[in-house]
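In the two complexes below, subunit A is the common chain; its partner is subunit B in one and subunit C in the other.
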Partner chain A sequence: MLPKLIFKNIFRHHLRSALTIAGLVVAILAFGLLQTVVNAWYAGVDMASANRLVTRNAISLVFPMPVYYRERIKAIDGVTAVAVSNWFGGIYKDQSFNNFFAQFAVDHDNFFDLYPEFITRPDELLAFKKDRRGAMVGRLIAKQHGFKVGDTIPLKGAIYPGNWELVVRGIYEPKDETTVTRQLYFHWDYLNEEMKKRFPRRAEQAGVFVVQIADPSRAAELSLRVDNEFRNSLAETLTETEKAFSLGFVAQTEAIVTAVKIVSFVVILIIFAVVANVMAMTARERLAEHATLKALGFSPGFIGALIIGESVLLTAIGGALGIALTFPVAAAFKAMMGSMFPVFYVTAHTVALQVAAAAVVGLAAGLLPSIRASRVRIVQGLRHVG
Partner chain B sequence: MTIPYSYVFRNLWTRKMTTLLTAGGMGLVVFVFAAVLMLDAGLRKTLVSTGTFDNAILLRQAAQTEIQSGIYREQASLIETLPEIARGSDGQPLVSKETLVLVNLTKKGGGEKPGNIVVRGMPPMGMALRPQVSVVDGRAFRPGSSEIIVGKGVHDSFEGVEVGQKLRFAGREWTVVGVFDGGKSGFDSEIWGDVEQMMQAFRRTAYSSTIVRLQEPALFAAFRDRVATDQRLVLDVKQEPLFYEEQSKSLSTFISILGITLSIIFSIGAMIGAMITMYAAVANRTSEIGTLRALGFRRSAILAAFLAESILLALVGGLVGLLLASFLQAFTVTTMNWQSFSQLAFGFDLTPKIVVMTLLFSVFMGFVGGFLPSVRAARLEIVDSLRAA
Partner chain C sequence: MAAAPIVSISHLSKSYRRGDQVVPVLMDITLDIPEGDFIALMGPSGSGKSTLLNLIAGIDKPDAGVLLVGGEDITRFGEAELADWRATHVGFVFQFYNLMPVLSAFENVELPLLLTPLGKRERRERVETALDLVGLTDRMSHYPNELSGGQQQRVAIARAFIGDPAIIVADEPTGDLDRKSAEEVLGLLRRLNAEMGKTIIMVTHDAHAVESARHVTHLEKGELIAS
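For the complex of A and B:
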């Protein structure tokens, strides 16, 4: 009896119910997208591997370290491999957002062994290793700029002055959704040679070292050992897990992430106000009806459940539609934003949050009107003119 | 004949709960809308006050930021001899040769959160070229010493930078001897010290950038041409305000795009809320509308009355949202500027233009949300609506 009444009640005001559901769809969709944006911010963090450490200059990331540190780090027991990686910061075409992608000069011979999440083709990897000016580009930028194997990519150096031309020798694919493929990798040796010719003082320098360790549980101990190795030297180091390193980046822009998080809950508040208003109006209009039901012998609990049920059903429909729409809209958003968010997909956690938000709105919005309605005095209710 | 405004006003007053919820929803949307505009305005204000058209900045060609740039000592000396540059009372050229580095500090509030802070080494001339900056606590650093002064933004949001404390970087201890107020400029997010000491500590042989005071801003074009044609200077020259504006372009664009997108999506929700409320108002007052029509009020008067009610509702929400947003002016946001790779502190700035835009935005929401219900009210037939009672 109860479900049937709730169902019928919803369709009494076609327009109102349709509008409420539309509002809910927009709100739940917006909430889901904002949560996905927050997740996208942490893209690099999810990709981080537990058996990789990053060693950088202790002062800050912009200071280099002598490249011979590589051999000293490699000699430490428990370290299985070390690769140099320098942020190149070249400009492709112009400075616009759409043309931005990261470029790193790396140790060509072992870098891709350290990153098994980049799927490479053996023949392409070999061609990359053989060509001094060769570069490996990620699937995302290859798709965005139409790079093909054999293409030349001209870059204007902002940190390393001059015009640089790199040849695409391979395109690497992501292992899964968390893998970021918005980077270009080329030979650190090539960069170093050119710097030797042009600015000898700036040659033989490494941006960061990616350190592979055999046993992730020794990460803290090995980080300390690396840093102790260079204590009181000209370039002291700071070593942390790749995850901590990436989180450090996110923390730099934390204010924005926090703002987006707060705003994502504001939209829930907005839709709560809308649904609560609808339920309050509905309950007020049906005062006489509720009194009649009571007079017929239905319990106050039944009347309360009638209203809560309607509120929950409305939000359930709106929420379900909103969640269903989140997936295609997120995909469209990703396509539209290009390389701005290299990793952008709806997680199970986001969907769970959406469900929770819809449930809370449904229950909370119906609560007050339902208590009021269940307490209505029969005489007063019957006298009431809608 | 128009329906008196008191009718409109009293209708909202009678249904307090509904008015409160609908206006509250709209108020939240307006709050977000205003907050984003204020943040963008605050960012612009910070960067505009960082530079002055009296000054020009020289960087290595193609360098986008001071951090990427490098200027050799010979080049810097050459700059000092250029005729467009103003000279002080003692005949010294007003030129500040500076070096910039980034150091990592920990944000206040626990959690080991790092932030990149600009450390700027400058000669005594550097302070003279930036009259908006004044030391508010302690004293200025002494030339030739390992003393530093910290900007107010850094002082407020980062650990270990109280006067008397020591920071350790580049193999040295640096004593904080003062806090300076950059007049809400980007300098508030920097640490300043002596340029020669910094160059030694960081083992640099080149400066990062050079700031010059021109005799008058109008000479800039001539100065730029002279620098461009001099084969010994491979440098770019920019007017300070334009340079700082470029520095924050992507951050500003990001804030505006994110904010406008959010406001549009959120406003859909609020407009639907207003529409529901107004449809209910029309349905509840069908007989009233019939009476009004029977009394001789025209359809247009009914339309206007309901539209006015909806707009008034939205305006109440807009004012509440604006009031809430105005409290944001007490807060400062510190975040990384991607282009300069360093932390920048800026506030929310409520300008008259934003007040007008926000109120127009809420009127627009009220109009769109109330339009269809008002049309329905105006279209009711007298006989039908009187019978509905």
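For the complex of A and C:
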């Protein structure tokens, strides 16, 4: 009888229930979307591997390091591979956001060995390695700009002045949905050769070194050993895990991420107040019914369960609809935002958070009204009728 | 030889607080109600008749005095014990029926049986019999808002006796009904008293309703003035 009463009570006031459920749907949906935005912000961090370190100039990322550091890092016990990676910062077509994508000059021989999350075709990878002007482009930008193997991509250098033409030799795919494929990779050798010709003083320089280590548990020790190797040199280094390196970028926009997080929880707080008010109103309206049930011999616990059950069921319906809608709305949002969020999908963790938020709202909103309903004095409650 | 009292009240008092003021509602009431009686409690508004009914039904507690129902001092019961006692010993009929609007007539009558160990089939049989007795077999699946006032009160009466309580308390059972419906309801209460031996304690203003009772007790300003 308890479940039947709870279920029937929910639909006593159609409009009120519909509006409350609509509010819950919007709140849980907004919460899920905002959480997904936060996750998207950390996409690069999620992609980071535990067995990769990044070495950069200790002063700042904008200062390069001599490329010969590569060999000295490689010689450190525990390091299995090292690859150069230089931010190129070229302009494709124009400086509009839609045409922006990251380009890196990398060690073509081993870079993709260090990043197994980029799935490449062997023949394309070989063609890339053989062609000095060859480039590997991620599936996301290939799709966005219609790049095909054999296409030439003209770039206007901003950091490295001049016109650059790269030939697409392969398109790499993401291993899973956490992998970002919004980058273009080309030969560091090609960049270096051009620099030798155009600006010799800028040749033989590396932006960062991606350092692969055999044992992730030795990350801290090996980071220190790399940095000690270049202590008191002209270009001292700062080595950290790839995750910490990526988090450093996110930290620059931490205030925005924090604001988004706060807003997502404020949305839940607001819907909590709405549902709590609805449940308080409901309990007050049914004072006489609760008093009658108590007079008939039903326990205060039964009365309390009626209210809290209704609150939980209401939020369960709204929550379930909100969660179900999060997936198509997130997909539409991703399509609308273009390449701004290369990795934008609703994670299991986000769904779990939505479920938890709905459950907390349902229980908390119904708690006080259910306690008050269960404590109603029969005589007072019956007087409420007439 | 007179029947043993099912309700035995001795020097019962009850007052309410209104702000700082203590308002006496019942003063030194002494009354016996024999088992199987049909008693009407009459009196002007504020005379304390509903309060006395609530005390007998175990939904309120006195300040002083002795109140034995079926030989048990119910004033000593805790909340949970009192709830169990009400479920098995008392049936309620209210002026405004107090049916659950989201439950059908069948489900409303079934409510008290949910507190018993009876199985679904047995509950169904009992509810059907009760609704047959009040002449509402054809209204079983109807909701309260689909029934007239008289029909709703008949459902409430079926709910009151379905658990086979010894006492049925009725607070102004005809107060919200037209004459014809009131007569049907009173007829049912008389049948419960005469054929099933239920003790009926009814609060009423209605002189016509009083005619159904075997005894009439008057209250005024919280005191019994005549029986």
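Here is the rule we go by: the second predicted complex is superposed on the first by the 384 of 386 C-alpha atoms of A that agree within 3 Å, B and C clash if a C-alpha of one lies under 4 Å from a C-alpha of the other, contacts with A are read in each partner's own complex, and residues count from 1 in each chain.
Definition applied: a contact is a pair of C-beta atoms (placed from the backbone, for glycine too) under 8 Å apart; a residue touches a chain by one contact, two chains touch by 3 or more.
Since we're looking at a predicted model, the values are computed, not measured.
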(message) I'd like to know which partner A:P300 touches here: subunit B for first, subunit C for second, both or neither.
(response) second
(message) By residue count, which of the two partners contacts subunit A more extensively, subunit B or subunit C?
(response) B
(request) Once the structures are superposed on A, label A:V379 by its partner contacts, choosing first (subunit B), second (subunit C), both or neither. (result) second
(message) Contact-wise, after the overlay, does A:R12 reach subunit B, subunit C, both or neither (first, second, both, neither)?
(response) second
(request) Could you tell me if A:A273 is touching subunit B, subunit C, both of them or neither one (first, second, both, neither)? (result) first
(message) Contacts for A:T292 in the overlay, against subunit B (first) and subunit C (second): which applies, first, second, both or neither?
(response) second
(message) Contacts for A:V26 in the overlay, against subunit B (first) and subunit C (second): which applies, first, second, both or neither?
(response) first
(request) Figure out whether A:A324 sits in contact with subunit B (first) or subunit C (second), or with both, or with neither. (result) neither
(request) Determine, under the contact definition given at the top, whether A:M1 touches first (subunit B), second (subunit C), both, or neither. (result) second
(request) In the overlay, answer first, second, both or neither for which of subunit B and subunit C A:I256 touches. (result) first
(request) List the residues of subunit A that touch subunit B in one complex and subunit C in the other. (result) 386
(request) Over in the complex, which subunit A residues touch subunit B? Could you list them? (result) 15-16, 19-20, 22-23, 26-27, 30, 34, 58-63, 89, 91, 95, 97, 156-159, 161, 201, 232, 234, 236, 238, 248, 251-256, 259-260, 263, 266-267, 269-271, 273-274, 276-278, 280-281, 285, 386
(request) State the interface residues of subunit A toward subunit C in the complex, per the touch definition above. (result) 1, 4-5, 8-9, 12, 288-289, 292-300, 378-379, 382, 385-386
(message) List the residues on subunit C that touch subunit A in their complex, please.
(response) 54, 57, 59-60, 79-80, 83-84, 86-88, 92, 94-96, 98, 100-103, 107, 110-112, 114-115, 159
(request) Mind listing the subunit B positions that touch subunit A in their complex? (result) 17-18, 21-22, 24-25, 28-29, 31-32, 60-64, 67-68, 101-104, 107, 111, 113-116, 169-171, 202-203, 205, 250, 253-254, 258, 262, 265-266, 268-270, 272-273, 275-277, 279-280, 284, 333-336, 341, 343
